[in-house]
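Here come two complexes built around chain A, the first alongside chain B, the second alongside chain C.
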Partner chain A sequence: MGKKITIDPMTRIEGHLKIEVEIEDGKVKNAWSSGTMARGFEALLLGKDPRDASYVTSRFCGVCYSVHQICSARALDAAFGANVPWGGNLIRNLVMGAEYIYDHLIHFYQLSALDYIDIMAVANYTGKDRDLLAVKDKIVGLVKANDTFPLTPRYKPDEFSVKDPDMVISAVSHYIKALKMNAKARNMGAIWGGRTPHYQNIVVGGVTSYPDINQVARFRTMLDEQKKFVEEVYIPDVLAFGTGPLWPLAKMGVGGGHYNYLAYGDFPKDQKGKNLVFPAGVIIGLNPANIKVDPFNPDDITEAVKYSWYRENKPVHPYKGEQVFDLDKKDAYSFVKAPRYKNNAMEVGPMARMIVAKNPTLLDLVSKGAKPGAVARHAARAIETKLIVDACYTWLDELLTEMTKPGFRIHDTEHWDPPESGMGSGFHEAPRGALGHWVKVKNKKIDNYQCVVPSTWNASPRCENGVRGQYEESLIGAPVPDPENPINVVRIIRSFDPCLACAIHIIDPNTNEIRKFMIE
Partner chain B sequence: MKEEEVLSDKLLDRLEIQGINRRDFLKYCAVTAAVLGLSELEFTTRVAQAIEATSKKPAVIWLEGQDCAGCTISFTGILNPPAASIILDKISLRYHETAMVASGKLSEDVYHETIKQGGYVLIIEGSIPSADDRFCMVGGRPFREMVEEAAKKAAAIIAVGACATYGGIPAATPSKGIGLNKALPGKTVINLPTCPVHPDHLAGTILYFLTTGKVPQLDKIGRPVMYYRETIHDNCRRRAHFDAGRFLKDWNDPEQKDWCMFEKGCKGPVTIADCPVRRWNDGINFCIDCGGVCMGCAEPGFYADMSPLYTAESETSRKIWAMREAGLFKKEI
Partner chain C sequence: MSEIPSPSQTNSKGGETISPQKIVILGVGNLLLSDEGFGVHVANELMKLDLPQGVSVVEGGTDGFRLIDTITEADRLIVVDAVKGGASPGTIYRFNIDEVQSCPSGFKTSVHQIGILEVINLSGLIGKTPHTIVIGIEPKSLEMGMELSPEIKARIPRIIELIKEELKRII
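Coming up: the complex of A and B.
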């Protein structure tokens, strides 16, 4: 048996995550991921007015805020028989578009970039750019004052870390600028969303925010600024890093995993919702030379609980899911369930979406030798940010046209009151990946509520067939030459943009000992 | 021993008195000196002098329990002053799971070191499960223990968001989340409810404490009166429609666009916070102005007493109606 190391807490993610890996000959041989916090929102919802669900489930996560709000509203739309007017869908698209831009920026710059650069290299900057010199002064000043929190302590930069002073200092200056830009993207969403995190305007049947022409103009002006940053800073940064110093990591395909991809598809381009910005589809066992995408069928989703702390049950569709804890279950090690698509563990998220969409920019990188993995995940995220920015312009134009038509509507008021009974599912491509909510209504109250969230797909434990989840599989073979410095492990996990609050239900009750990053 | 070495040695003694571990400090200096291309001794001496010379930024520990990180995200949205300047220039953010670079043992070590020193500002986000500790574990131990331990030597304690203050939504779940009002009985806690915390409320409270060294004046349930003084209703621009009985029924009707949201479940009449005046997202909007309703997230009864959220059928809504009938909302001139 190799050396086993545990990273707990796994930071710069949403939620509480513990990663354990077994290392042999400098490589990850086996891996386990588990979450350590639970609230039990689904149980709370039972017996409640169904309309509460979109408000409550939004609070699953405040980083990817409102993704559950819209997903829940869509499930309720289906259960209530509501038909969201196109105006309502356009505003839903626009506020979620703003959320995407914020979310991908904060993930790349604030949550991930520091894993790839040696921030102290800014001290070696010899250029004359005044803004960059100010950044240098700031960091060197922190070092001199011996107070570089929260930038240190850190894992030691390794062979893949970017140490070129010019690249690092520009990345650090973009880190600071991105903080402002992602805050501004949130403000853009608040024009109709009310405030962030957690919009206030998405409800069953549509939205509550009746738009005016000044808001459209304001959104557009703010979008211009985001577009400029995405095109001139974010995408060039990702490409410069990915095809430059990180190219060896990209070519090795570190963090690849199962090569199975799932996208539910999202962002309707028309009222019927047939044309989507991100198409739906399934890929089992990617062959980059000949990408075969199968249609997505929601009926093929099951959730296994063999290694999860729930009462033993055979894999079932989410409509039939239950949440009865069994804390003493043998062999269980996580309270994340194990969702599978036709028995396959799947990856969801930006890379899955861009591969399913056969995005030419991503496929070009792949044809040049980048294997789908941690670096490609960052590239896919940047590529789709641009697609969303472009789509927002189209939606703004359409909203203007719609608004000026007589009888313009944003909400299906006729279906506002809960039905006696009904059931419905709602899907959303959240920034982190495919998200689904399933609701059953009985006597005008919630009778069952189940969610399968992106991080449940990605962070799942093994299923009854012993197949590892995507985080676990993607860690296998990752180089960890120094077990005290498992920087590649955190790079891989963070490339998925983990968001655990919604994926996790409870902690492994048998491992209450202090779980430090320890070598056993 | 050369003069320089003696000086360095003396400084290190003094640092140790200040609670800075000599061995860790030297190890840190060795690594950093190499990066900066300085001799180790030269660097160590310079840094030690700098610590002597500059006033130390106050240490901040930010713990996340049963949370969604929404309060963290909300705080980072502040533009003036920028969140980055508060985090890097005003405070020394020692532990924050969503922000810190360190993971695992590295992060836990900083936490324990800071706890040992004491005198930090403690910020808590998220509730504490009261049904069973195992609903929230961090670094392998109950979050409850961390909160109790960290509270002992804190210079000030700030609870951010509905969950950490009074329990919020998790209070209504099987994990029975509780806020600091119940988890730390008898302790002075600055409560900044709303779901999520308003970034101004948190930035202002921190800056107030850093400037005066004091806790701002609090109301009966621990909220700073500078932010929590009047009801949403008292400052709501839809107020006149409430008094006149014009309630919005259809979001599609431009005529009703600005009418009172009471029938859609608004709890503004009994919710104390400055949202209508301060607004959110750099003043761009707030819940009621996007046609949404106030869900009462600044009040201890949130969420249980506010549900059902989107109708006037909750206990809270009934109470509001009764107060209206009794003429209790009439403004005194």
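Coming up: the complex of A and C.
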């Protein structure tokens, strides 16, 4: 029996996740991934007007609200028989495209970068660049004032950590720049969404508000600035790190997992949705030399609950899913269910999308020796950010063209009223990965509602066949020479951009003296 | 963090004394977890009122990072949220953000991830950290549900009074 270590909670991820690993001979021998918070917001929707779903589901999560909104609207589109006009789809694409840009930037700089650099190396910077010296002063000042959150707490840098002062200080300055870019990017979605957070415009049938030329121009100006940052800072950083100091980690393929990939596909390039920016597809057991992509069939999804705190049930399709908790269940260790595709545990997210798309930039890195794993995941994320930025320009141009056409429409108003009964599924490639909503309507009300979120795929526990989820499998074999400092475990899990349970937002100050602030 | 002078702090205010200070009331919380959504309910009520010039109300939902521009643009911030202090439900708290230790002191002790207090802290890295007051309420229920508990809902008028008093002190 190896030494067991537990990381709970993982910090700098969004949500509540516990990872347990068993270490033997300096490597991970076994792993368990647990969602430690009950989900089940779906229950709130039962009996409601189906049109409420896109608003209510956008409150599921504080980070990726719009992804639920669009996925929900698409499930309702299907259930209502609505046919979203191309103008509506273009605006939906633009809202979600903006979402990608800031999600991926935050993930790389704010949530992940600190796993790969020794931040304290900034103190050794001896260059003369004034901006970088200001960064050095700032960080050193914070350290002296003993106030280094969020740069700490951290795991101890290991042999893979970047310690070169010039590289580290440049990364830290980009960390700060990315925060600024993020503050700006936030308003891009609001141009169409009417407000932020929690946009208002995406509803069943299309979107609610006609665009004007000023909105298009404002979006384009903001997009220009993001494009510059993505092309001149983000992508070069990812490449410089990934093919430089982190190349050994990339070649080892730390964090590979099952090598099964699933993409629902998204971002229609035309009204019929035949051509997508991110194609749909399934890969079981990747062979990089000969990538075989099967078509995706939603009917092949099932969710197992054998090791989850839900009432015992056979694996069922999400249409038949239920949310009845059983907290005393033997062997259960997670609030996350175990979705499987034809009984296979799958990876979803940027790397799945880029491999399914046979993206030449990513495959080039693979052919040079990078194995799909934690480092490649960061590369895939950066690559697809650029694809989305470029697509946003196309959509803006097309929207301008559409706007000049007589009878320009953004909404299928004929299908606004709920049907007596119906069912529909909606899919979206959220920044974190494949997201699906399934709705059943009866007597014009919601009769059942189920979501399978990206982190449910990636963070799933074992299924009834004992097959580990993708996080769990990706940890097997990871080097952990010092059980006190499981930095590779953290790197691997974080590379997936974990998000679980979504947004408990309560202030719970770390002090026992909070009562002294009672005023009445 | 606000004590540490930084170039951006001086820039952000330099020479702009003519314009009134920008005050933001930020209501946060998860609308789906009953009293956890308190700040959101309060923000929605405040939006119906005539507030003094220079005061804006933001319903932040469960957002974290993306509120950073709202935060850095504010000179003064009043955060309204549920606060778990262990007192009886409905208890109202008021504190300056500097008075509480908001940063996770270790991986094991962090109870939440990038939350609103952390983002306020982070704002100092890219601009200024606004002077921040938190007005909070001890929740009764954090169960799933879109309504506030009756006794928590009944506290909304009092909270709004307190916010108005706060504004009078500032302006």
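Please note the rule applied: the second predicted complex is superposed on the first by the 500 of 520 C-alpha atoms of A that agree within 3 Å, B and C clash if a C-alpha of one lies under 4 Å from a C-alpha of the other, contacts with A are read in each partner's own complex, and residues count from 1 in each chain.
Assume a contact is a pair of C-beta atoms (placed from the backbone, for glycine too) under 8 Å apart; a residue touches a chain by one contact, two chains touch by 3 or more.
Nothing here was measured: the structure is a model prediction, and the numbers come from that model.
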Which of chain B and chain C A:183 touches, first, second, both or neither: both
Chain B versus chain C as contact partner of A:134, first or second or both or neither: second
First (chain B), second (chain C), both or neither touched by A:413: first
Between chain B and chain C, more extensive residue contact with chain A: B
Touched partner set for A:124, first chain B, second chain C, both or neither: first
Contacts of A:426 with chain B and chain C, given as first, second, both or neither: neither
Which superposed partner A:479 touches (first chain B, second chain C, both, neither): neither
Touched partner set for A:200, first chain B, second chain C, both or neither: first
Contacts of A:210 with chain B and chain C, given as first, second, both or neither: first
Overlapping contact positions on chain A, where the chain C interface meets the chain B interface: 7-9, 11-15, 40-41, 43-44, 56, 59-63, 65, 106, 110, 138, 142, 145, 147, 149-150, 153, 176, 179-180, 182-184, 186-187, 195-198, 506-507, 509, 511, 514-515, 517-518
Touching residues on chain A, where the partner in the complex is chain B: 6-16, 18, 36-41, 43-44, 48-49, 51-52, 55-56, 59-63, 65, 85, 106, 110-111, 114, 118, 120-121, 123-124, 138, 140, 142-147, 149-155, 176, 179-180, 182-184, 186-187, 190-201, 203, 206-210, 327, 408-411, 413, 490, 501, 506-507, 509, 511-518
Residue numbers on chain B that touch chain A, as the complex places them: 20, 25, 28, 32, 35-37, 46-47, 50-51, 54, 56-57, 64-74, 76-79, 82-84, 87-88, 92-110, 129, 134-141, 143, 169-170, 172-175, 177, 195-196, 249-252, 254, 257, 264, 280-282, 284-293, 295, 303, 307-311
Parts of chain C lying in touch with chain A, wherever the complex brings them together: 1, 3-4, 6-7, 28-33, 36, 59-69, 72, 81-87, 91-95, 99-118, 121-122, 125-126, 134, 136, 139, 142, 144-146, 158, 162
Chain C contact footprint on chain A (complex, rising order): 7-9, 11-15, 40-41, 43-44, 56, 59-63, 65, 102, 106, 110, 134, 138, 141-142, 145, 147, 149-150, 153, 176, 179-180, 182-184, 186-187, 195-198, 502-511, 514-515, 517-520
